[in-house]
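Should a chain be cited, it is by its letter among A, B and C, assigned in written order, with residues numbered from 1 in that chain.
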Amino acid sequence: MLTAEQNDELTQVEAGTPMGEVLRRYWYPVAFTRELAEFPVKRVELLGEFFALWRSPSGRYGIMPEPCPHRKASMAYGVVEADGLRCPYHGWVFNPDGECVEQPAERDNTQFQKRVTAQAGRVEELGGLIWAYVGPMPAPELPRFDTYVMEGFRDIGWADLPCNYVQIMENAVDPHHVEFLHGRYFEFVGRHEGFTAPASFGKKHVKVGFDAFEWGIIKRRVVEGASEEDDDWKVGHPLVFPYNMRVGGGGIHQMQIRVPINRTTTRFMLYTVHSPDGYEHVDQPVIPDYELPVLDAHGRHVTNYVEGQDIMAWVTQGAITDRTTEHLGRSDIGVAMLRKMFREQMDRVAKGLDPLGTIREKHERIDLPCEKDKFHAGAQFALDFCDMGSSRFSPMLDTIKKIHISAADKVASEKAAAAQ
Amino acid sequence: MLTAEQNDELTQVEAGTPMGEVLRRYWYPVAFTRELAEFPVKRVELLGEFFALWRSPSGRYGIMPEPCPHRKASMAYGVVEADGLRCPYHGWVFNPDGECVEQPAERDNTQFQKRVTAQAGRVEELGGLIWAYVGPMPAPELPRFDTYVMEGFRDIGWADLPCNYVQIMENAVDPHHVEFLHGRYFEFVGRHEGFTAPASFGKKHVKVGFDAFEWGIIKRRVVEGASEEDDDWKVGHPLVFPYNMRVGGGGIHQMQIRVPINRTTTRFMLYTVHSPDGYEHVDQPVIPDYELPVLDAHGRHVTNYVEGQDIMAWVTQGAITDRTTEHLGRSDIGVAMLRKMFREQMDRVAKGLDPLGTIREKHERIDLPCEKDKFHAGAQFALDFCDMGSSRFSPMLDTIKKIHISAADKVASEKAAAAQ
Amino acid sequence: MLTAEQNDELTQVEAGTPMGEVLRRYWYPVAFTRELAEFPVKRVELLGEFFALWRSPSGRYGIMPEPCPHRKASMAYGVVEADGLRCPYHGWVFNPDGECVEQPAERDNTQFQKRVTAQAGRVEELGGLIWAYVGPMPAPELPRFDTYVMEGFRDIGWADLPCNYVQIMENAVDPHHVEFLHGRYFEFVGRHEGFTAPASFGKKHVKVGFDAFEWGIIKRRVVEGASEEDDDWKVGHPLVFPYNMRVGGGGIHQMQIRVPINRTTTRFMLYTVHSPDGYEHVDQPVIPDYELPVLDAHGRHVTNYVEGQDIMAWVTQGAITDRTTEHLGRSDIGVAMLRKMFREQMDRVAKGLDPLGTIREKHERIDLPCEKDKFHAGAQFALDFCDMGSSRFSPMLDTIKKIHISAADKVASEKAAAAQ
């Protein structure tokens, strides 16, 4: 249970607030690469602020606050030029560093021009996403997590959710919910809607564990019928501080991304890579993205798929869940640990230190720990994932299934050949 | 004219406010019986609070606040089980009394389990409606008013209106409005839309009267051409405190229900029983409900039917009408009387007494006074009611008309036979 | 740059505020004449207040605050009668002067009746528009500006914009924006949407000038290739204080009207008269009106026409643009001049004087200065106006083009005949 003040502090995202300043030390995906290829400038919201994100004809990216410093017209309607973004209203030009490099109607007033600057951020492209950093300079490196650089077939599901990101992150250190939300509740929904819910999620949790590590918190579990020798405990999977969770199994690798758009809106993204043993390369000039269903026509949550159940639980907790009247039990130990971690990073940033999970070294790839044999479910996991998870809404569903089936066939026939 | 403070006090519905506490001493219809038969748990709003309303497989009903006491996920997405409602998120179970009877991930902490309770209410089914009481225990009896238990053919029209319920209740002690809103204005609308408005509503009011009684206020009128010997005066019809009005005539019996959903939303329901002399029983396994039109495609009120005119008058008074600048006249005496009655019940409840119209004795049926020959209009009243009132939007309109016609035929032929 | 207090004062429209009191000294168009012909009473919002606007069967107009003084039901649903507007709820009648002339249910209480008055305004019809004055009496004259009374073919485009009117008016004294918003940005949009933007707008501004005059501010410009002998400088065109701009050229005469509906909503109207040399009278029993597109299906501004670009610039400045962080340059001199003019009129009104541009003499027609050869573009201006301006959305586009072509033909053949 938190006080109202503690709950406020934990959930703030705005500049100048302790958590807002922590959050401004990280890179966030703010657009799909294909979007700026289609039209070179876009309005984006991040951490409660609006920005103009752009890509010049030569491929340079930039991001600056949306209002032009001159008279506040939107730079998101700017004219993208070789050297910068030109305000549509009176033609002022800002370069990627936020310097005003042209004020055409002002003629020769270089003094005035120099006084005007926009607080530009940094932009990079990685894995089909455009990433932005809008905090203090110098910017840390964009972490090249495994999912964004590994070989495999990709798609990206997403939805904008009307709730604060912290309650979504608390869910990432809450293994017990799987047993009930994706087990018992799934079964209840299936009974009423006429389908059979997957059995693997409902397994009883015998033991759970949490370990802080350099990128966040590793979460472990032993489900009924499994042991501490199984992947779910030995490897586990991590909450990647402060806004991601890495999951996977059965040849599927996924980053669950929860971008704090503003205090009460979170962009939820499922960045998925299908890369089973035996995967043969499929070309993807553009990575497909698709919107996840959240509410049905009656305004009720769509809960006949795994992530739809999560979304329901997160969103119905309220725009900012009331932690002043909650009742945390022993099973919420991961939640308590995460809140402490948030608190510690506020302290670090207040002291001028880099918070957890910022990286300043150039690097090729960061591998995150993640179990391969999930819920001790074997190959069934990939099947359930496709049919009972968000992938059922992917335009790529057929291709994805074929990839898993033909990879399994290949592995099987190789094994058979080896056995002869 | 009220002060701003008086207007606030009169219109509040929230827990802890004087009127909110009065309102929490009554039962309210919160769903149609058919709804929980279709799906066993529903989110409902009442008196500014959200609740989960549920029905177990064995037919037990329950209601509790929507947020789970654990971590605030919605119990309205709960798993309905034999003994209670299970939270979808982590599986805590609450029985109909609000006791937490299971915390599966907490294992054996019975101390913790006992500390967690939900403020459950009481639920009963009557007349095709599910009724809830969410105030202090012990709950009074659900009043079995005549409309809910009498023989007859039923339907229920409804609309959620964006205004406070008090201005709707003031309309219930305001006989003069009939002459203008349903008389002169109806005629004006008909002239512009090309129909003939019913003549019976426009009759001049010669005299009006009001009497407090055990269930609220009886309203009486004498219209031009009638006398104090007529039903409209001798019997009248009542405002049933604090949120109903009983009306009828010509073999029609209706309860007009105005449930305070929150301070500025009122669920308006027309619970209608067609039961003319000569009525022959028609089976109704399910009572049909239908939504009333409020606004047209241009955002203007639909005013070509009686209750649409009332809705326009109520809603255009504002979300909470400004009583600090009103000009009450002699004709508003009923309004003043009602406000005094509200005030008196606040005092009673503050003293720990039951307010007007709560009943603690078991009973079979409560008959309310209601004129049979309305507006001195005879049989024409039922016809106008069907064609010019909300029933024109009922899916049962044809059946209803046939019921009235065949009942009238039966009575006529019986009379003829008797006269022979 | 303004302080927050100055920005507040400048942008207020409400009664009792300094600018709200200035604005209440002018007439505003509040409906199209055809609207009250179609239905005789309409709800209108003006300067942050709602009114009932009506037209009696005999052609008398009236305007009064929307809430009935009795019990606040909407007079915009009133019954229009010969002598006034009757409240739909209880039948009180108010005459055009706002006097209560009937309280039918109150019988003979003339004292009470006299105490009740509505603050009625004045209404006149001119040029296909219904104009209202809702300020202190006596009302000034409705100014009969040239566009409303001249011979020509008319249409009226309009849109309700979610921003304060002052930032729209600042645009009217901002010649430089044309070069960028309608030049460079238009070209950028055309490149991406596949059309060729008109060249005339992109001409470099060599010189601009501003002169206060009896109706507001005359704006002048010299564009590259032109001189001070050209219309753009010698004549210019005016901001008509406080909410209009008069423009035109190539036989087109237009009043750009920006009615402050409330503090953050402005009704933008393009009142256009096509009256080229050689124009032959076309009968117009009803002046057509049409809505301008503002946003597309994705919520982005429609910017492929001149006024759509203006709308984008105005609206994206924010509901009330933040003038506390702007950076005004030398090129914003007109903006500064306008703010000073607003400030001076607040002082005049505070002293009980009529503000700029109110007129108390009866008059037939007020001609406003307006260049005829716009942007030194000759006949091309009318063509661009039809194809690249708001007229492309007019239901009258074909007729308008024919008018300009046949007038030009007529002038040409007359010239040819004269030359023979």
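Methods note: contacts are C-beta pairs under 8 Å (C-beta built on N, C-alpha and C of every residue); 3 or more make two chains touch, one makes a residue touch a chain.
Remember, predicted model here, so these are calculated numbers, not experimental data.
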Expressed in ° and rounded to a multiple of 5, what is the rotation angle of the C-alpha superposition of subunit A on subunit C?
120
For the copies subunit A and subunit B, give the interface type as same if over half of its residue numbers appear on both sides, and as different if under half do.
different
So, what's the distance in Å between the C-alpha centres of subunit B and subunit A?
48
What are the residues of subunit B that contact at least two other chains?
none
In the complex formed with subunit B, which residues of subunit A make contact?
170, 174, 176-177, 179-181, 184-185, 188, 192, 205, 301, 303, 309, 312-313, 316-318, 321-322, 325-332
Subunit C residues touching subunit B - in the complex, by the definition given at the top
39, 66-67, 69-74, 76-77, 79-80, 86-91, 103-107, 109, 112, 115-116
